[in-house]
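Going in written order, the chains are labelled A, B, C and D, and every chain counts its residues from 1.
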């Protein structure tokens, strides 16, 4: 007999924190799919919701099960669903849960059939749970040539860390990374960065220029959204170089368009689309072939019950990605 | 017997204005070339020098013959020069004259052999004199796809006006142009712009959005360097669009990186190189094939003697390009 | 009261020719759309079916209404269709009719809703009827740079003729065309080709080399599928040039890979996809902006009744495109 | 006192074989450079000359010192040479020696100053000696996207083997290789190929299709010049895939243009340029960063005296690259 109730991590009151509750397993409509969550990853958005900041207060209507990065196995499909069947390994192809409707920090999650994305079963669960942010990193890195190129990653949050690994796997010669947080700089090293700099200590741009024979880097991957880091990144970019911008600044940014873009003849790409088909194929291919080692990124693999420790770990900046396994540890 | 003196338009004193003087024809070294100037065009830089603004005061050391956009015929070559011969139709491949050494507002000009660029004799003189700024326009337009694309040109100075003609010749579907000066808006129409707007009157962005079914333009060609125009241009650009930036802002520019670049997934190209080989070939090919009609651009074709009227005309914003013919009117 | 019978041009017996018959108006299923045909164009495939050649004999099962290039107005939609409504101007997005199911040489045609493609009503009917082959031409031309480039079109059937117009509209400097049929060479001139050559008379490659200063053309658009023309085209292509291959050879083709591709460092693109979204947008945009004049292409605009003359005209090579107007001449 | 005679490996008579002779050190003109050869590599062309095949008989005029792949240190420069100085680590930027003038299988070699190419001293000598063929491999691989792509290398001679290493270093997911020679298949494995097939045994195309879920490979790198291998390679290429052709067929090749190029919408690139600036920078950058391990390729590092064994080894197909060290083993 199928389960009728399940554990779910929920924001139940308009305040900081969350609660693990027992709720009914979602019932699905004719065009929906019920997925048994295998692994779910905590994203920056989830930290905002947990911490109940201004954005969350204006956007989230409790009670809500949150979480949107996950992978799972199809448990049941609605009567009109033919494109996917029970037992298939899946995720979602757009961020549609965890904000306006119940999310994936639960044993089961309900997804419209048109948003189901099948995942190659050869991809391990802990990687399958983070395909959404990894797609961002892959897209940012491969938005232009990277083989034999020098790369600077400004900002080593989870996507910046993944971008380091992707750039190295795709043949970049030297990867520089800047980051103020000590733990993240340590992680950047583990992910394969050749030179990791603290922009608060010493002149990072001067060091990068020196290491590139005065030229500057071929590629800038801006992952911080920080005005100072953006300015440093552009100063470190060589004439004719390429910048991929992914970090989201919270205010308008003042750029030296003349010196940093026009006179440099630079190409600047805004990176927003995440799971475009091409990115997905490249990413899946890199993962299946074992070309990407993202293991250092995963700080903790835990159960839903230990959610408070998990959020604390991330808020303290002491973990890359933390995974929940609502139905028990990996296959 | 060769001429020993010639007319030259010179800045002789550190003050506004210029003087037409008789000076010795330049003598050339073993690796230099003497060119008889056929047509010379007044550029914005020349206006600065004539007007003796702050930049000129800090950069120009009188006495100096100014002018750097020209075409001419080789008169004499130094003894070690073999790549070019008397009678060939030429210009220069880099801005090397008119600032630090004597320029082309004269009957003859001296150019190092390595900077001589041969011009196809099939190209008319008045076009050959402006290949330098035209190269900027061609490079800006062709830095990405333009056929079947909607284009916005912000700023209708000479390069903006040329860009309009180039975009139309290369298959752009609709070309929008914004410009505050009445005369230049009139010119934009003549160069082929489909919709010409005065950004000081009415909401130019709203109009462009309306005419593009709410989408915005595919391509932005920023030619003004004006903060307001840059902001408007980016707002009018569609998601996934392409911006070529060529206008030089005089101050750092504040951009809405999130809304205008990142969330739009836009590609922004700084346009600086001018006479790269590829651009040159495309431009020459378009000109030879008669695909570019730039005739409306030429306001006055005059002699060096009438330099005061020429500069007044341009400063009043009542001409696109004014040409001097130091050795008499065109072939 | 809606019509219950309609005229339809049908292959009723396994032999050369066709018959105009009165047949029931198609009834539509819940996911289908009934379209009132405005204009329908005769394609090469239709000539094969009419002539009952070997391919037709093996593929077509009479009785069948043939024809697949058309535009029309939605008459009725099935009960589950919501994406399109009566009165909309449409065509189909894949070749699905006229071979295995009844086609568009009739007053009405039945199309699955998922294959309906809406057309901008600003596009005239005679152009809307040929968007399918025009998409091929646009895709072939724009598969690489064309502005300021010299182009050779080998084979001036309808798609080759359209390609000439598209290349000129998109800024190609000189367009060369080769074709053995006199009438088609005449048409190539009308569509804008600069130099039109009969490969059976004189050395076409030598002439093209001479006109391009010995270099050869930048772009080859191969539209003939003819072994000799393919060989000529590649010989006329410059080092570093680009070839788009669209003509379908009936046998394996022997290429001088070393001299024509490898040592030339050429790029060769097979052109097959036709209505990819990007091509569609470019084409629609060029048409709406009036940048493409395809009018010379249209030889005859007639009624279904005059089908025998229409097919004769095309078979004799004396027309580009012939259109049927099953519901009366254009709006 | 500088040496006046030197050892040189020479073709002295029009017959198979070579002779090590003592000849005068070349004297240099005012625009030439004398290079002390550090390492020289035997290329396929050298094998032809040694074996005295038909091509050699028609092209080579004994006596001649042969060899053209090398690196060395500038010994002396002509009086007008200023761009390079004694002590610099160099090679040549075009194949200009070893055919029409004396080559590098000697202690010293004379090179025009305009053909001198400086090499970063951080690159080891055995790699610096093969930058010419490595440039071919890098160019072929990076002529399109390769990160996250499946790749097939047909033909595992030295350039094919290098291409395997380059593709893996630049993020290709799976590299397939086909080769009939046992030793070369063994080497392909060592260079990093994931699946190595003998096309003479079993159906290589079927195996590749199976391993790519029926799709075929994203990228074909054709290095064999063999008609059968070319045909197999194209059959194994996926729709929309990219082929780089570098192997030189000795006869015109019959291609199934329809099935292999047109209907596949494939892109085919002829690869000929070798040391274009961009390729050079990418290659140097990969080498300096240690991203390319080519060590398995080097079968023997020997002295000029042992030339007979060296050529035998290569002719038997039992070595990738054999290096001579005319001035003693590496630094």
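Definition applied: a contact is a pair of C-beta atoms (placed from the backbone, for glycine too) under 8 Å apart; a residue touches a chain by one contact, two chains touch by 3 or more.
Note that the structure is a prediction, hence the values are computed from the model and not measured.
Colleague: What is the set of chains touching both chain C and chain D?
Modeller: Chains touching both chain C and chain D: none.
Colleague: Name whichever of A-B, A-D or B-C reuses the C-D interface, so over half of the contact pairs are the same residue numbers.
Modeller: When the residue numbers line up for over half the pairs, the pair is A-B.
Colleague: Taking the mean of the C-alpha atoms as each chain's centre, how many Å separate chain B from chain C?
Modeller: Their C-alpha centroids are separated by 42 Å.
Colleague: Whole-Å distance, chain A centre to chain C centre, using C-alpha means?
Modeller: Distance between chain centres, rounded to whole Å: 46 Å.
Colleague: Quick one: chain B and chain D, Cα centre-to-centre, how many Å?
Modeller: Averaging C-alpha atoms per chain gives centres 46 Å apart.
Colleague: Within the complex, which stretch of chain C touches chain D?
Modeller: It is residues 230, 245-246, 248-249, 252-258, 261-273 of chain C that touch chain D.
Colleague: For the complex, which residues does chain B have touching chain C?
Modeller: The contact residues of chain B facing chain C are 138, 142, 145-150, 169-171, 173-174, 194, 281-283, 285-286, 288-289, 291.
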